[in-house]
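So that you can tell them apart, the chains are marked A, B, C and D in the order they are listed, and the count of residues begins at 1 in each.
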Amino acid sequence: MSSPALEIIGLHKQFGGVAANDGIDLILETGEIHALIGPNGSGKTTLINQIMGILTPNSGEIHVFGQNVAHRPIHTRSKMGVGRSWQIPSVFPDLTVAENVAFGVRAALGLSAGWWTKALTEDVTDRVDKLLGQAGLRQVMDAPAGDLSHADQRKLDVAIALSSDPILVLLDEPLAGLGADETTHMLTYIRKIRANSTPGPKRTIVLIEHDMDAVFALSDRISVLVEGKIVATGTPQEIGQNPIVQHAYLGEA
Amino acid sequence: MNLRGIGILAALAVAALVFWVTGPPNQPDQVRIGFVTTLTTGTGVIGADMRDAFELALDHMGRTMGGLDVSVSYEDDAVDPSIGRQKTERLVQRDKVHFVSGFIWSNVLLASYQAATDNDVFLIGANAGPSQLAGEACNRNFFSTSWQNDQTTMAMGEVLNDQVSTVYVMAPNYAAGRNMIAGVERTFQGEIADKTLTQFPDQLDFAAELANIRAASPEAVWVFYPGNFGTQFFQQYSQAGLLGEIPLYSTFSIDALNLPQIGELVEGTQMTQSWSPDMDNPANQKFVGDFRAKYGRYPSFYAAQAYDAAMLIRSAVEAVEGDLEDLNGLRQALARADFQSVRGKFSFGENHFPIQDFFLREVVRDADGAFTTRIVDVVYSDHVDPYAKDCSMQP
Amino acid sequence: MMTLVFEQALNGVQLGVLLFLLAAGLTLVFGIMNFVNLAHGSLYMVGAYFAATFIPWSGSFIVGALLALAATAAVGMALEVLIFRRLYHRDHMDQVLATFGLILFFNELVLMVWGPAGLSIAVPSWLVGQVNIIPGVPYPAYRLAVLVTGLAAAAFLYVLVSRTRTGMRIRAGASDQQMAQALGVDIKLLFTGIVGLGAALAALAGLLAAPLRSVYAGMGEDILVLAFVVVVIGGIGSIRGAFVAALGVGLIDTVGRAFLPRVLDALLSDQIADAVAPALSTTLIYLTMVVVLAIRPRGLFPAPGQ
Amino acid sequence: MTPTTPASRWAIALLIALAAAPVFSALAGQTFYVFLLSKMMILALAGVSLNWILGYGNMPSFGHAGFLGIGAYSVAIMSMRAAEAQGGWLATAFVQLPIATLAAAIAAIIIGAVSLRTRGVYFIMITLAFGQMLFSLGVALEPLGGDDGMTLPMYSTLGPADLSSGPVLYYVVLGLLVLALAGSHRLMQSPFGAVIRGAKSNETRLEALGVPTYRYRLAAFALAGAVCGLAGALLANQGGYVSPALAAWTHSAELVVIVLLGGAGTLFGPLFGALAVVGLEEILSQLTEHWRIIFGPILILVVLANRGGISGLFRARTNV
């Protein structure tokens, strides 16, 4: 019996007097796309920051494929297969697009960053090429990331998240600021991500998104956060009909 | 490829360098002197005083020596050994000076002297007197118109022997400070009540130490706080109300530069020194009189030593009749010290440090109400520094 | 012995309040404008030079001091308008380089304007002498006055920042510049004012220290490093942190200097103690800072958002 | 920066000119410029090392001169021992320079391990504190002369010659500087360099990709300390003298100025910076002893111009 991709038990995170996450319990099965929705400030980003290890919880447990990682450093979580994108595209502006993606590729291949080898060796370029092709960024691979358009930076941000070949992917508003065409492209891209081009199980995805059409189209299940608590979890249909949700969140939309 | 471009740029750069390198033309009939001292930073006042005295000496000799014009470049060391070294190198290598003088600080002198002496350029130290140069590392091309660090405080130890049985000693924690304390300990036979080494270079508030002094209530306090340190120490000593209570002796801490600021506080306190403005000889009277007339203040001991350095150099240039190629002649003439020192009698020991008297002086007001110092007593006559015996001068 | 400890503690607090006056300006400018001002020590120096000029000229310590505060504030505001405000959004190292240039400039400028000899300020006649705070411990009246003035300035600053409209604007500027602008705060003017205030506090420290430490070129750097240590230990941007850290640093430095040699004398052989004590007391402050930062990398009172 | 940018063309031309300079200065009978240019190149070498952490990585050290001191004192101690033994293996540059480098590396690992827990201005201050501690240590070391420092009893030997000879030292320094620049280029194009440059702008993201940045930053800090120690060892031979003043924070500030003025995070920036700092000081100080009143505003103007130092000026010119 395999462990769930992600299991969160009684997670608390306090900022001063405010409980950003107030006793969160959540289980994600392998291959699931699970959306987190809720108003701004409801604790969604705080939650994935803790899964990634950027924030340390005050109490509670975070199990990734059966191991409690709540107090492990960030980089070890990446080694266990966690990867994330950022709400505001978080790229390395001075580095080329290819270099941006190469970090994760090298880490996934178990290569440490040597002092004397070239940055892009052959085994690395193959993967980099594939990732950038998938994201539609191959033609700009030698440009500094800081020079890209917002939409391209958004794509690059997701590509970087995938570069370390994670099997649990945390996507923080991947559609924010994108136009209609770009949104369509990104939705296809996210479906491809789940399918996982490399051999291995399907990827599990945690998706934070405000675009409800996209959320309902993509997700297998949805959890609703309000003031640091999960008030409802279920399939898109169940959530769409849940009166608490309609009152607390969708009703306002 | 841009090899040609690189070639052109390189050629341009080399041409610029050559132009730069050729520097000022060497004028043959000239005595060239470099004077390295501190003209900037918080202690620039000392260097300015030395420069004024050196200029006065040049005025007195009509700006010629042995029939040759004299040109002096004054260089600032900013109290940094590596800058002092660089300036000395430039004076010697590029400007081809015949003499280098100045040097307030031991560490700057020690970093710099070889740049001159190794190239047979004479270095006339006008203040710093580190034990190394007086002893094992004595050098045929190095001469001092000041003193060896230990001497003045050894004299102080003798003074204290006559007056007290316990003393509290205090100095900044750096080489000269520790040497000065060692000098007192060498001759003082009473009890050292306590010894405090304060932070160097940045401690300027002595509240903690002054409270400790009061608690220890020794018979007397002796301190070494040169330059700004002195000003600050005496102001705080006075504010702490210790001035009337515990007699204060000092060395190299009260000078003509800070007397205008602290004279009132330290009137009557005693110190040892090898020179005083009231010394009664014609050279000194002319020096002090003209210095006051030209600059409107008393010269400091730094100034007196710089003045002597200029006069020493002239005596040597005259002895060889302006033949600056005659290095042996110059060296022998320098060693004879055949000039009228503002200290009256003046001669060099084997190690090229002066053999001279050390006096006890005290702070007084002159006829115009300005603060100065006056000789009270002779502590040492014809004193030879304790390191001279370690010197075996190579001819 | 107890009286000596008490007296040394008083000395420590007195050094502490001087450091606080300097650190307060640094930490305000730092916390609000995110600006590293190495030239803050130059304002301390310029303030002392102004005071040493204005006090004899006006014949009154108070009048001269107030003129010096105003003049230094003006210098600070001029610097803000001409240079600082162009650098708020720049890399810290750019700010370091530019303000280091200012240090060089001001140190040379005072040498050229006031001469190399340095100046001194006499203790005002009504503060000459000692006060017996507790019987048998005569404490210099002037040092006591420095202590009281420093504490008063700290209290003034506390009230200004936490209880007044100006303080509200300052705090708004610190937490969110756009929000502050939306509230109708003229950010440019506010920032100029904050630098002016910091400059005046630095000048106050400079002129209070002058009768103890005299006035000379480069006096700012001797104390600037300590003030930065205070800011960093306290947590950048935190006035409260600066106050606590300043008193802590003042006490550790003074008490360390006063008692460390004896403690070491008792523990070690004379010779070793003589060699170790001064070196250790010199580095005590730095050691303290390293330990604090090793445990709390953002200081004792990290300001939120920093 | 590839070797075809205008800045690198100037830099290569400069290096060629530097290689030829001793010949010309010997012809002109002016050995002083060999001394001065040696010093300039040693500072450039120290600047190259500081550039790795301050320019490419976001580690603004204000105590870098401490490593100069460690390198210099290592040489002084070995030279003392060698002089007692009248030569021997401890006297050779092939032993002294690596040991000095290693000593600085070890110190840098210890200092870096603590300092790298902090960021930004905290990092500036904690490195400054460590630098000041090394300075105080030097002042307290009485057997080595305390604050007076000490004259090297003998220079590092190099086969039949030793580094007391201006031209020998000059070409050793030039060779090491060229090596360091080539190494700098290679290093920053390597995966390691990419991590250091990446951690400058976005350290969290790097960690989220599985890169343990602390280790890499510490390695960079140690490497920078080591090469600066090498520069210190050369500086001891260049002056024939060591003193704690080498480690004073003003010298750390000088190194920072060299890197920033030349252009932080550019390959040849430290070379331009060292040339500008040493050259300006040399030229301006001959105009007036108050030369800093000109030099200070030059620094301010360079910052206000915001072109990224001297390297940036070259870049800007090609855009016109």
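As a convention for this text, a residue touches a chain if its C-beta (ideal position, glycine included) is under 8 Å from a C-beta of that chain, and two chains touch if they have at least 3 such contacts.
Just so you know, these numbers come straight off a predicted model, no measurement behind them.
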| item | value |
| --- | --- |
| Chain nearest the global centroid, as defined over all protein CA atoms shown | D |
| Greatest separation from chain D - chain, by CA centre | A |
| Chain centre separation (chain B, chain C; CA means) in Å | 35 |
| Interchain centroid distance [CA atoms averaged], chain B/chain D, Å | 34 |
| Where chain A and chain B are represented by their mean Cα positions, the distance between them in whole Å | 72 |
| Where chain D touches two or more other chains, by residue | 139-140, 142, 290, 292 |
| Sites on chain C at which at least two other chains make contact | 107-108, 111, 225, 278-279, 282 |
| Residues of chain B touching at least two other chains | 39-40, 173, 200 |
| Chain contact graph, described as a line, ring, star, complete graph or other shape | other |
| Interchain contacts (touch definition) - all pairs | A-D, B-C, B-D, C-D |
| Interfacial residue positions of chain C with respect to chain D in the complex | 30, 36, 83, 86-87, 90, 92-98, 100-109, 111-112, 225, 228-229, 232, 236, 275-276, 278-279, 282-283, 286-287, 289-290, 293-294, 297-299 |
| Contact footprint of chain D on chain A as seen in their complex | 52-54, 73-75, 77-79, 83-84, 86, 90-95, 99, 102-104, 106-108, 111-119, 160, 163-164 |
| Residues of chain D touching chain B in the complex | 4, 9-10, 12-14, 16-17, 20-21, 24-25, 28, 30-33, 35-36, 39, 139-140, 142, 145-151, 239-241, 243, 245-246, 250, 282, 285, 289-290, 292 |
| For the chain D and chain A complex, residues of the former touching the latter | 186-187, 189-195, 197-198, 200-202, 204-213, 216 |
| Chain C to chain B touching residues, read off their complex | 4, 7-8, 11-12, 14-15, 107-108, 111, 115-120, 123, 128-130, 138, 140, 142-143, 211-214, 216-219, 222-223, 225, 254-255, 257-258, 261, 274, 277-279, 281-282 |
